[in-house]
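We just call them A, B, C and D in the order they show up, numbering each chain from 1.
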Amino acid sequence: MPEVVILINLKTYNEGLGQRAHRIAGAAEEVAAESGAVIGICPQPMDLHPLARHFEVPVFGQHVDGVAPGASTGHVTAEALKAAGAAGSLVNHSERRLTLAEIEASVRACERTGLSSVVCTNNVMTSAAAAALGPNFVAIEPPELIGSGISVAKADPGIIKGSVEAIRKVNDSVRILTGAGIQSGECVRIATELGTDGVLLASSVVKAADPAAVLRDLVSQL
Amino acid sequence: MPEVVILINLKTYNEGLGQRAHRIAGAAEEVAAESGAVIGICPQPMDLHPLARHFEVPVFGQHVDGVAPGASTGHVTAEALKAAGAAGSLVNHSERRLTLAEIEASVRACERTGLSSVVCTNNVMTSAAAAALGPNFVAIEPPELIGSGISVAKADPGIIKGSVEAIRKVNDSVRILTGAGIQSGECVRIATELGTDGVLLASSVVKAADPAAVLRDLVSQL
Amino acid sequence: MPEVVILINLKTYNEGLGQRAHRIAGAAEEVAAESGAVIGICPQPMDLHPLARHFEVPVFGQHVDGVAPGASTGHVTAEALKAAGAAGSLVNHSERRLTLAEIEASVRACERTGLSSVVCTNNVMTSAAAAALGPNFVAIEPPELIGSGISVAKADPGIIKGSVEAIRKVNDSVRILTGAGIQSGECVRIATELGTDGVLLASSVVKAADPAAVLRDLVSQL
Amino acid sequence: MPEVVILINLKTYNEGLGQRAHRIAGAAEEVAAESGAVIGICPQPMDLHPLARHFEVPVFGQHVDGVAPGASTGHVTAEALKAAGAAGSLVNHSERRLTLAEIEASVRACERTGLSSVVCTNNVMTSAAAAALGPNFVAIEPPELIGSGISVAKADPGIIKGSVEAIRKVNDSVRILTGAGIQSGECVRIATELGTDGVLLASSVVKAADPAAVLRDLVSQL
């Protein structure tokens, strides 16, 4: 079985801030150890350093600017993410869109600093375009399903299938995640059966009363 | 000989505004008729309607938003460009960058309304990505050479060659323009010999004392 | 009675494009002549030149960039608006927000070219801030009421009153418009009674079967 | 003598990252204790939490988004800054410009969470506008002098004087900083003599071989 990746985006939810981020990271560490899945966590930037110090799970930025270190106040450089202990970063999340030139620069900045880049996209064509930039991951998230409670894996398997096909024509080796509405082990199983390497998800873990239980369910059908 | 395309971007230069835009369009019409080259012109939006009415040359928008008509004050829709007589539009020019999702939406909006889309890019990787979106044209313009007076065709033929190769892996049929520093017939000849379909240029025509003479030189080695 | 201003934003509505824009401008011209109100119209940029040529009513841009003419592809300069016959421009409409520095630059560009600037704002504090920039008009539009069919004049007179007070502390001479949900003569009367100089509105005129009838109603209680 | 504020923006300089940020914070702590000046530090976001834990000096964000916690991946909320131990945040730095509505929302978010807001501006008019939003500080930085090595205090005292006057007409109590090219005790003295409360500076401290020595010089003429 190829390695499955579960990436938890804490967004700016209160439920994923500070000590509550630590609690989710702890759950991720536990379930990753039990299951063999790779479970990563994307905290808010001020939580990144403490989480990377205290937990074994890979910690990702939610956003990275492809600028070189210097006169760029208020930006997040790949160098700073790396120094804080990050393993990678989301790029171009639907809530933090970038220009095409910026996405490419962010992917190159990750490459240069040894971070994994996860470029988020919204449909088949943009997924193919993102794959052409040579990131480590493309994460397809139809915006209309994000936070909807309706799983892309069940509601729109066609967009996953179409994206996988379009991506593979352009790039053989990029890994593919799907997101939007992912909430159960069935969603994860369908996503992997459709040719992806895992999922990117947020509220169903972050807002859960028992994040470890949700994570256990997510990896249960692998 | 395949059809060669010369696309003149008037930017917001005073030399390309109002009656001065008409003068350049007249020169384009004349040289296009003489040479058989396709010479298009990208005026400022308020000049688009009068130019499209008075001249035979194809008129392009400098920018198009992929939004549907409606509550989007201050945007330029494909529908409005079409209604004004445009043949197409630049998308994602280096002076008007868009997010990846917006570029894709602009290309689709052009498709839907029968406009030619010309997606501008800055390097090999973004050119391949743009090609994956299925526009009519990709126009490669290394930003460091724009307005430099140094022709990309002479200074950096490698970026053109690399882009053509990367684009062709992704998309067989998209047409390719090159830009940045283009100023003579030799530049145009080199650009086409490297596998592109023509050039996108601005200041060397717009600021010329005699635009027709510059245009005649540009098509002289085809 | 001080001069009342009715400013009609055509947005990118299909109902306000091309010949349909001409129809609305004709209605505006007619009702302005009958009533003595100033009725302006903000068309899409490609319609601006023909409308300014054919009608007596003042024509405004929906957006203006404060950049100097030159290498700014896809931007709308004050110089180009002026050359096309515009009387002024909206700045910072809620659907086309600008940075503070850009708003100030746009106001200065309007000043320099003899255009009236209408800076749009969303609440009491931003209205005071906009007034401090010295534009010709501040137009207050609570975003939650735009296009809602609920008139700001009736639903939230407090925001109008508060904004007028806050603006007057900062700037004695700027004229004030209110917008969002404006649809009847009663709205316009309330708006002027609260100390403003008129209204900025869109859908209730643009989408009307009989724009002249709506305009007649709007000025009926003055 | 009123309290003087020295705010050090580490930008994304390598010289201000990780352990090197700790070194500068240590110098700030030392010189603040010696001089009685308030010396604050604005690190990159991943360094904020460790610095706030280890040092007594106030730590500021370089940027804050005025969004409520929730679905805003890649944003920096006031709540997260507060939780990490920040005392305040820059808002609208020239390298991270925001829309007027966003600036106002950021100032309100700081207010709501008990953070000091420092709104950066570029000229006299935008300084007055920023003051109308009711932040704790306005920091005036003429962009052409930032990083120039030419001090605004010496090169353009008029912009400081003009800004102080324009700000005071709008807001009695906001504190005022000046920035751009500040590098010596003389600059700080002039800035305070012109009616401001201190300075915002970056490279002259961050890139110094001996930051404590530069800081000692900065407070030497108070």
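Observations, loosely collected:
The working rule: contacts are C-beta pairs under 8 Å (C-beta built on N, C-alpha and C of every residue); 3 or more make two chains touch, one makes a residue touch a chain.
Here the structure is a predicted model, which means the values were calculated and not measured.
With centres defined as mean CA coordinates, chain D is found 36 Å away from chain C. Distance between chain centres (mean CA atoms), chain A to chain D: 33 Å. For chain A, residues that reach two or more other chains under the stated contact definition are 94. Arrangement of the chains shown, judged by which pairs touch: one closed cycle in which each chain has exactly two touching partners.
Interchain contacts (touch definition given at top) occur between A-B, A-D, B-C, C-D. Contact residues on chain D toward chain A in their complex (touch as defined above): 9, 11-14, 17-18, 42, 44-50, 62-63, 67, 69-77, 79-81, 83-84, 86, 90, 93-96, 146-147, 202-203.
Residues of chain D that touch chain C in their complex: 92, 94, 97-104, 107, 121-123, 125-126, 128-134, 166, 169-170.
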